[in-house]
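Provided herewith is a single structure, encoded as structure tokens, for subsequent inquiry.
As written, the chains take the letters A, B, C and D, and residue 1 is the first residue of each chain.
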Amino acid sequence: MRKELKEYPFDWMIWRTFVAAARMKAGSEKEYSQAVKQLPYFRGILDTIYGIGEPGQLFIEMVAEYFEKIIFARKRGQKTAITTFCFSPAVFYALDIVPITLELVTVAMGATYKRGTADFLDYCNEVGFTETSCSSQRGTLGAYLAGNGVTIDMVVCDSPGVCDTNVNAFAFASAYLDKPFFQLNMPPDLTGARSTEYHRADYRALIAFLEEQIGRKLDTEKLREILTEVRKQDILMAELEELQILVPNPLPVTFNLLIYAGRFLFAGMPQCTRLLESLLKIGRENARQNQSGLSSGKERLRGFFCYIDHYGQDLRLWHLLDQMEISYHGNILSKMWSQDAYYAKALDRLEDAYNIDTTDLDTLIDSIADLNSRMPMIKSIRGPYDAPHMWLQDTLALAKLHRADFIVYNGTPGCRNTWGMVKPFARDTEKNGFPTLILYSDAFDMRVESWETTASRIEEFLKVRRLRP
Amino acid sequence: MIVAGCDVGSLTAKAVIMEEGNILAWEILRAGTKPALSAREVMDKTLEKASLSMDQIAWCVGTGYGRKQIPFARSEESEIACHGRGAVWAASTVRTIVDIGGQDAKAIKVDAQGNVIRYLYNDKCASGTGRFLEIMADALGIALDDLGELAGKATNPVTLSNQCVVFAETEIISLVNEGRNVADIIAGLHRALANRAASMVGSIIADEEVAMTGGVAKNSGMFRALETALGVPVRRIDHPQLNGAIGAALFARDAAAARS
Amino acid sequence: MITAGCDVGSLTSKAVIMRDNRIVAQEVIRSRTKPAESAVAVMNMALQKAQMTLTDIVFCVGTGYGRDKIPFISEAVSEISCHARGARWLLPTVKTVIDIGGQDCKAMRIDKDGKILKFITNDKCASGTGRFLEVMARIINVSLDDLGGLSARATAPIALANACTVWAQADVIQHLNDGISAEDIGAGINNAMASRMAVLANNIGLERDLCMTGGVAKNAGVVSALEKLLGMSIKRIKKVDPQLVGAVGAALIAGDKVERRTAS
Amino acid sequence: MIDAFHESSTTLFNRHVRNWKTDGGKVVGYTCSYVPDEIFHAASILPYRLRGVGAREMNIADAYFGPFICSLPKCLLQLAGEGKYHFLDGAVVTPGCDSMRRLDDCWRKAGEDRAEALPSFFFHYAVPHKTADYSLKWFIEETRRLQAAVEKHFNVTITDYQLYDSIGIYNEGRLLLSRLDALRCAPDVAISGADALAVVLASTTIPRKSFNSLLMDLIAQIEAGSDRISGRKRLMLVGSANDDVELVRLIEGDEAVVVADNLCFGARFYADLVEQDGDPVAALAKRYLYHNDCPRMFGDYKGRLSILKEKIERAAVDGVILQNIRFCDLHGSENGIFERDLEAAGIPCMRIEREYGPLVETGRIRMRIDAFLERLEK
């Protein structure tokens, strides 16, 4: 890793960048464009996010606050835990632990650092991690392994049974940094008494582990408060996601990112609720006017991104879609399967969804255990892709519900799990009438395939499959 | 109505001039690094052969890697669409096309009109491409044109383990050193390439008549290897390397017709 | 005492003849398909230069990919040991050696005698090899000699898929077609190579001084990009062509072997 | 004598399996060392560990698997697709790692396209990734589910008595393998790493009773004989599954001998015994879940490191080769930390990444091994 990268702690840098960005919007348009010049690499993203209006401002502040919590955790006597995006952070908030979600930090770093996460990705390989592993964790992990961020107290994740490369990153970190480690384990099926019992027993073991780390017991009231808030957020999200089904879809392309990032950052916290409410305001207004969320106001096509979308260093994918007047319909990251989710009801799949029951400590823990077992990815790629409740069923049902014109498969080539069955999967989605594009780019490492190549593959696909002239 | 198609690929530039479904003239040249220059050169040669000038061409469609840079093309189509179209024009019963060019390989499924139903790129880092064959031919000191014939003489084709072009070259050299028969090595190479193509065809489930296009289709060894790998006969079409340009010219005819 | 080293690589074959630890003749040729032929050819040329015959040589060590096929050698030693030995002799302060040849790259840490303490090789993917540069140079139509120089003139180097030669190749063509300059593409290619190399080098833990051997050491763009990435200057080998270091090391090891033999 | 083992280790449909089938026996293949052989043995079914030996092409496998996948499950699928596993009456796939568990999906899909590729009994055996009391409970239930499925499909009953009997026979085999292991890591090495691997490989395909007696004879022969290997560098092989005797031969050359391993076609396979009292299914579940030391069980790095260190000491290992198949996350990353920690303890290590499949171009691996041995010189 280059020396100059160690000059400032990287998470501190990201924090400062977001703080600066959050302040900017307070000024006039002119002041904003002056100030944004100081953050050249960040500019594209900022412009897009601020383009959304109030929720954009809230989002930037929220990210700044997320990093602020990380930076000052130790000063405030809190412990930090590195964790993964398919893990609900609510339990950390309930226990007053500060979560550092690697994948989110990777995306934030990609947005603010000129060279993206490349140096940190490579640093992991320097210290012995395989270079063919998933880039979403590696990007950030490298920085923590190099000791360039805040001190980490524990490593907590939840993917075995779902994703080796993900857990491996955490297992590696725990061994490398010699920190306590806990992981939730997911059996291959989702429903049924055996799985439910397993999830709940496992989650109780997690809580015991966390309690031991902080030397305090879980506060029932706090957990109740947070899960009540989660429920509120579930209802807001359900309405937002339901709005997407309308033709035209009243939500701008970027809303998706904000919706799921909100949950990954601050599930159960009032910040997330505010963000969702603010998004909903715009969504409802557009819907009332029968207005598309796309900049041109016209919706030509609907695309369903069944895996991860493309981040790269800025939001170029989102711009491209917006420009091509394509409405974006979620991906594997955006569906949380709560009892309130419109799709759980519309598809008559309440069995797949979790319930929040705030009666007592036991029901609270059962609820959060169930919630966690339904997190994106964790839910639908734990078993054979074509098994009930799993990926193919979810993708087809949602793509039909959303009347998608095509499906895009894009993510990270570091993932064995998803690339293991991509071809039969795409064959099945095609058989069901969805033209399917497989992209070989990496959502987090722009060196794998250049954006120009990716963009031209998308254009080619739309043209050859006669979706667009 | 006279129309043209121009296909600037990674290795070769191709042009064809057609009138009412007949080929008037065509040309294939090695492409330089500047697609615009290659396009101009190949088109000029073709025009010369047909004794025509550019303004007599009602419409020209560009395709191939360099399609965006062709100055005289009035519109562009991707090579996938062009190969689909061209193959069905050449042999109306074809429904699956294996196109292996210099830079990539594709499997394309089409309907009776030559419209693309599905397609797939080679996804392997290794790449079963024409470039792979060229590098290997080069390493063995054999002319591209002779590959097919030599492969036919193999008695015991070798197995190659490497997916990677670069490493495969090392492997081949070490096989030569071990004294393996060159024909066997070449046949092994063809088999490796054909198998890669066959796996693409396998993943889009192709069951109807298969044709092979692109420069590599000129290699008779590859033809046989692909037939073996797929276990079905592969349809021969007349100008496989030109097929993309022909498809482009057919699109040009549509465009010109729509105009008038 | 006259010793010799013969390094048969994938791209080039090299021979060095030494008399009492001084180079009396050296030769580099392009490798042919058969290592034995390359070895004989390059050694004959070196012998001719030195005005000697094979019988004058007391001990000859062979190295490189083709080492087991060289007919006239007394013993074969891996290139890693040879590059280490050669580098330490040419630059006595060197502790870390990076060698990039046609087929792979290696990084090694050595002790004061040029013995290996730790080494690592790139065996995963061809994108960390000199051949990667050759393929790329061919695509952007510059000579290998000129590729290195492009970096200095680049304004906005492209970021390249350093994961794979073949993918990188598709990207390079895309960029060419998009009208990006050869300088920016070339610099991107050199940077990709350097960044792969840096990962290897950091993995074994760098110690000063650092030098580079093998053909790619002649690519100024890669060397300076690597210096930047490692935050450390790379000592240049001036006494001989860096491509020859392996053969020099082989000749030195030949000397060591003779000494050891006479001592015991 | 050792040739018999080599024969069974390099041919899929070896003599023993052929005879078994001719006698009307059933064969069930499995992919991972977490599958209890005893369940099948007790049902008079031959448990057979699936391998990818002899896969030359990838055209079938590549039609289903994506590009970034370990070549071991790919080779397996290729062979199944080519009909080379025609002798299987059943197969069990586990979520050993992600590449392997997707074999379940891909194999079934290939079976839709080529009927002969998929055996009629096909079972996804959900092995948990952690050792907690509730995981063991899950695993016991899962093992009972497997047992019931076998009973139903093959129309047999597996009694506790039969299970005890099978456990006894397999334990005996484990003890014999451990004896062989002792001969291998003794100061005067009595069996080369390549031969030892052939024995272990044979144990995964030959009916266990015949295997035990063959091995007993081999051990007697070795103990009586005086062939000993000395003066070579003593290596240990760690990492991804390796069932390639040729790779071990290549590593050994004339200057080294592989005296120990920690591979799943190796020591991990026979390290501990199954308890012989109480509920036999529970005893099996316990042994298979708790005593496997595979990085698929996350979070027990330290335990695995200490097992390695203990072995390194016992076998007086000079250097450790940490190898992994390309795209193997589990071993690839663990090898990285092993390297750091073993080197820190003064044990020289070398990492190599390789493809599973025919060992063709050996020059690159050979060069690394030569350099490593040169490093061990002093």
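Please note the rule applied: a residue touches a chain if its C-beta (ideal position, glycine included) is under 8 Å from a C-beta of that chain, and two chains touch if they have at least 3 such contacts.
In this text the structure is predicted, and so the values were computed from the model without any measurement.
Shared contact partners of chain B and chain C are A, D. Looking at C-D and A-C, the interface holding more C-beta pairs in contact is that of A-C. Centre-to-centre separation between chain A and chain B, using Cα means, comes to 42 Å. A separation of 44 Å divides the Cα centre of chain B from that of chain D. Looking at chain C, one finds that residues 65, 103, 124, 163, 167, 170, 174, 178 touch two or more other chains. Under the contact definition stated at the top, the residues of chain B that touch 2 or more other chains are 123, 125, 167, 170, 203, 205. In chain D, the residues that reach two or more other chains under the touch definition are 63-64, 66-67, 326, 363-364. If you sketch which chains touch which, every chain touches every other chain without exception. In the complex of the two chains, the chain D residues touching chain A come out as 63-70, 95, 97-99, 101-106, 108-109, 124, 126, 128-130, 132, 134-135, 138, 141, 295-296, 298-299, 301-302, 324, 326-330, 332-337, 339-340. Within the complex formed with chain D, the chain A residues making contact are 127-130, 132-133, 160-161, 163-165, 167-172, 174-176, 181-183, 185, 187-189, 194, 197-198, 201-202, 205, 383-386, 413-424, 427, 440. The part of chain C that touches chain B in the complex is made up of residues 10, 33-35, 65-66, 69, 103, 125-126, 129, 131-132, 135, 139-141, 163-167, 169-170, 173-174, 176-179. Only residues 56-64, 66-67, 113, 355, 357-361, 363-364 of chain D touch chain B when the two sit together in their complex. The part of chain B that touches chain C in the complex is made up of residues 10, 32-33, 35, 65-66, 68-69, 103-104, 125-127, 131, 139-141, 164-167, 169-170, 173, 176-177.
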